[in-house]
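Okay, here's the structure, questions in a sec.
By written order: A, B, C and D. Residues from 1 in each chain.
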Amino acid sequence: MNEVEQLSAPLAIVVVAAVLVVGVYVSSVVDVVAFRSVAGQRLRPGSAALHPARVARRLSRQQSVRTERPDMILRVLAPAAFLGLAAAAVTVIPLSPGIVVADVRTGIVLFGAAQALAIVAIFFHGWSPNSPFALVAGYRFVAVALSYELLSMFVLIAAAIPAESLSIGAIVESQAGLWNVIRQPLGLPLFLIVSLGVTFSGPLDLLDSNDLAGGGSVEDSGMQRLAWQTARHAMRIAFAACTAAVFLGGWHGPVLPGGLWMALKTFAVVALLGFLDVFVARISAERFVRLAWGVLLPFAFLNLLIAGVGAL
Amino acid sequence: MILFALVGVPLLAGLVTWVVGDRRLGVGSIVALGGVAGTLIVAIAVALEQPTHGLDWGGGLSLTFEVDPIARGPLVLVPLVALAVVVYASSYGESLGRARLLGLLSIFVGVMELLLIAGDLLTLIMAWELVGLVSWALIAHHWRGNAPADAAHAFIVTRAGDLGLFISAGAVFATSGSLQFSGFGAFTDGGGAAVHVFIGGIVFAAFTKSAQLPFSPWLFSAMSGPTPASALLHSATMVAAGAYLLARLQPALDSVGWFEPLAIGVGLTTALAGSVVAAVQSEPKKLLAASTSAQYGFMVVAVGAGYPGVAIAHLIAHGVFKALLFISAGVAIDASGSSRFADMRLGRSHRTTAALAAVGALALAGVPPLGGAWTKEAVVAAAAHESVWIGVFVVLAGLGSAFYATRFQLLAFGSRRVDELALAADRAEDPTGLRNRSTTALMLLATATIALSLLWLPWGEEQLLKVTGGEFAASKLWEFAISIVAIVAGAGWAFLLWRRHRLLTPFGSPLSSISDWFGIPAATKVGLVDPVLALAGWAARLDDRVVDAGIGRISDGAQATSRLLARGDDRIVDAGIGRVSGGAQATSRLLARGDDRIVDAGVRGTARFAAWFSRMLDRFAEHGVDRAVDGSGRLTGALGRQSRRIQSGQTHQYYALIAATSAALVLVLVLWS
Amino acid sequence: MIGTIDVAFVVFSVAAVASGCGVFRVDSMIRATYLLLASFLNVGAILVLLLAEYLGVALLFMMTAEMIVMGLFMVMFMMNPAGLNPMNMVHQPRFAAAAGVVAAAGVAVVAVFADFPDAPVDAESDTIRELGIELLGGSMLVFESIGVTLMATMVCSVILSSATGRFGDGYEGSVAPALEPGGDHRPADDLYDPDAAMGHSMHGMDMGGMDHGEMDHGEMEHDS
Amino acid sequence: MNLMTVLLVAAALIGVGVWGALAQQTFVMLMMGIEMMLNGVILAVAGFWAFTGAGLPKGQVLVIITMAVMAIELAIGFALVTAVYRARQADMTEGIGSLKG
């Protein structure tokens, strides 16, 4: 990936901001559509498309609740860090042939680090309001998160093996002939599980879940809630983009220009995640932990083995 | 990679068998059998085209796998014997834990093959340790009795021998920087102290492994393992490793003068002593164990005499018939429900087993035209080629082997006297369905034993020459004649005793010390095993008691001594002073009474002065000395208490001390340089 | 001249040291944990500046995971979770501070006065690839032994911390801590009072003190 | 940014670590102090690698070894803390005086 030209700093900021803003909006629209379709409500495209904006307007006017003696620093820090990490994760992903915001040689490891730090940010979000339900949710989330932390690293490293490089751009190029989703059939599902976990959605909706009356966000309101939801959707976008780039061949595709392919694939993954979010029931934490250590981790090893044998 | 298959197939099969477990034992035994059979095929293939393969490990170390011509026979022998043993084991004993037994047997084959294809000392050491470990696990299979203790005994003795390998590896690596077998010849020709160390280590390890004197007794403690394990361990795998190592490295070892006499001496002694020990055993398995030592003594003699090929030939023949004998002994033990000869003589009830065992016994006795006989004659020839007297001694040992082989056969499978027939009859239909499978195993081995008698044909001999790749000493006719005579004598003697019903205890009352290896086990137990175990237990028990009792005890001691001093002072010094004063008073009084008339004022004055003086003396001296002694005592006590206060048990204060001392240390080091 | 790298270095190192001090100043264990994490992150950034790119990023995610675990343990052995009430968790503070200063000073002296060879790594070299080749080539043995050691560590820590050990319940022979620092242990009965035993102590109360442990030792010797 | 500055930062980190390890009462905080020291060590080693090692990869290997040491220290430390808590119901260094002479 030496022929990639770095974007200049202002342009890079603009690109990342654009990707995130568009992505977040689309992702939340997907949420609305999925929710209404599962709820059996009649689906009016216009209202669905405008719904996120309405919600944002309402929340931005709402007055924010204060809890007793919150950990104010972390309370402010949590959504900001979450959003920032999503942005950082987006920067290392090549958006189209030759265009990557930050072409670091260790892109994939950096992505993993961002994801690990995201778990910390999420824990802060549960910790900071100093309220029992949020605290329980935060602990539960971390306990579960530790069990798929390793998973993601193994999957990503396995994807990096055929490319013989840790740079995501190189990984995308290595899929010119054959996409990783076929080369390493176990990788994509495992990584999707991790994505569901870090965006605490669907079966792994263990943070802001209804069984804890809203869990980590039980005390959130107004801008706080808006910021947190935005950050969550941004992280989903980051994971979707990474999935598209690492497993679905990135910008490779017939006819259409590469950037468009990348966007389409990302959107497909976002839609998949959004629908999984509402269509799959929540799994209890301890059962998932047992599953993750006992079943999924061996699968990750197997995936690694497949990658290694393939590389030989 | 075919060499990897040679090792990997049995290992994999063993693990699978073990994992599958006792519940689906059928699958397990099939897997184990298939694994060993596959190993046999692979081994034959490997023996035909001798591949070599290197594995670079980095750090200047590398693993080499090669097939020396001399290793080809054992390569095929191990899975062959193991096949029969696994067949037997698949129906041996209670089904609980049988999967583990089968799996371990299969793994045993794998590691032994690894040992046989080892091309450098590092690989050899790995395989060597693994063999010891697996045999430990096999001996301790029935972990509820005293088997674990015996297993520990065997393991520790053999491990002590393994140290020899490490020493010699260190010596050769430090000198020549390589562990390749191929380089040893040049290394040993180079001479120097390292060579002696190297050869000493190798010989030590080999003798311990193949149960030469004075390490033989560990074979007896190995007897508490299940019979299949013993059969494999004695015939082809564990014990064979030592003899194989000697034969493999013989060219390198022979370069020092003391190797040849040492090997011949130890080998002959073991052969003769083993014969005597075997001749008085009251249990079949122990008899066979002793005979194993004796037979390996033959091989060591052959290596010492400079004929490794002969040793390997005898190794092969012995492996086959010894496994056969062990399995038949196991059948006898199961059928009679006792491990003693006294309850056996199953000739009538187990005719097939008896017949098959007879083949093995004949081979052990060295009766032509069986293969065992040929190889033994080869050993005799080799020894006689060295010196006639050595040959004679080997022939004597052969007489012994003939004796105990006959003894085994007669006592275990001889026919009973008429009054015992009833017993035999009701033991005849033993409920255990063992005989069918054990019979197949015995059949297999017996056919192999008989097949080996092809060696008597010139064709077979040249085949053997080709396989073992060594040359044989020409056997002279008179040697053959006297050894035949010796065999007939031994067997005949045994028959004679049998007729007189004195075969069970040939030399009158059972000689406990002889039958127990002349009390060597006690020696090793006291000298080696107990210390090791005690060390382990002690290390387990070592705790803060030892660590922190120290200073406290010191201070207590100090206080005690000071108190003692003070008391002693009170007792002795004061008493002394008091007595002085008393004496003075007494004398003065005596003087006074002695003479009233004469100027008694002066005398009284004297007396009063004496009394006063003594009182003064008493007070001051007492106070002075007392204070001095008490003070010193108090001082020591205080010091003790102070030093004791350091031991506050507070971790952070310890850390503080550590930090301070290390800072001081750094300072010292800086100033030093 | 001062380049952007130098500026970044100064920023990162100030942040690292400041958050490091914060670890032991704040009165909330969670804040302490994640301040330590912050310190690690800054050091990782400095490593990236030093062209040890992979190591920096590896430190990043490794320490993140480690500190998450540490946070959980922090809350398990929590004295003051959220810093809701002021507290003092230190002992021998003066000596500790002095020792810290001395240690820092010692290393600093070395840093300033010792002279080292000047052989910087050239910015062009692909340090990541070199590291990988070194790890799977020359230093293979080292790398493997690290792996084996970590494996053994996992086993040991599981054995150490498992509630049901080889010799039965982990709480057997459990003794209450001293009431005053450095004092003797209280008799096992004290474990019955809930705030001393934290409700853990329903097991193994029949045998007082550590004699049960010694009994285990006895059995062990008997086995061997 | 040169070797001296890097080593100075490392020195500061190590000093902070010593201070924390000696001053803190809770086992876990104590371990944090040790981690902080190792943090400084890593920085120092990386500095030496970058400025005096001529980019010899063995230096990076040393850093990896240090990381492994940290991980091992953490794992065994937590296991010990748990075991000590089981045996002594203690979470502070004052809680165990079994080394008391």
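Basically, a contact is a pair of C-beta atoms (placed from the backbone, for glycine too) under 8 Å apart; a residue touches a chain by one contact, two chains touch by 3 or more.
The model shown is predicted, which means the values in this text are computed figures rather than measured ones.
Summarising the inter-chain contacts, the pair of chains with the most C-beta pairs in contact is C-D. Of all the chains, the one whose CA centre sits at the greatest distance from that of chain D is B.
If each chain is reduced to the centroid of its CA atoms, chain B and chain C end up 44 Å from each other. With centres defined as mean CA coordinates, chain C is found 30 Å away from chain A.
Measuring from the averaged C-alpha position of chain A to that of chain B gives a distance of 62 Å. Residue positions 18, 22, 25, 93-94, 96-98, 100 of chain D are each in touch with at least two other chains. Not a single residue position of chain A touches two or more of the other chains. In chain B, the positions touching at least two other chains are 648-650, 652, 656, 659. Of all possible chain pairings, those that touch are A-C, B-C, B-D, C-D.
Taken together, the chain C residues at the contact with chain D in this complex read 5-6, 9, 13, 16-17, 20-21, 23-24, 29, 32-33, 36, 39-40, 43, 46-47, 49-52, 54-55, 58-59, 62, 66, 69-70, 73-74, 77, 79, 89-93, 95-97, 99-101, 103-108, 110-112, 116-122, 125, 127, 130-131, 133-135, 138-139, 142-143, 146, 149-150, 153-154, 156-158, 160-161, 163, 170-171, 173-178, 181-185, 191, 196-198, 200-201. Across the complex, chain B is touched by residues 91-92, 95-96, 99, 102-103, 106, 137-141, 181-182, 217, 220-221, 223-224 of chain C. Contact residues on chain A toward chain C in their complex (touch as defined above): 69, 71, 74, 104-106, 109-110, 112-113, 116-117, 119-120, 123-124, 127, 130, 139, 142-143, 145-146, 149, 153, 166. Remark: chain B residues 57-59, 61, 148, 152, 533, 536-537, 540-541, 648-650, 652-653, 656, 659-660, 663, 666 touch chain C in the complex. Here chain B touches chain D in the complex through residues 544, 547-552, 644, 646-652, 654-656, 659, going by the rule given at the top.
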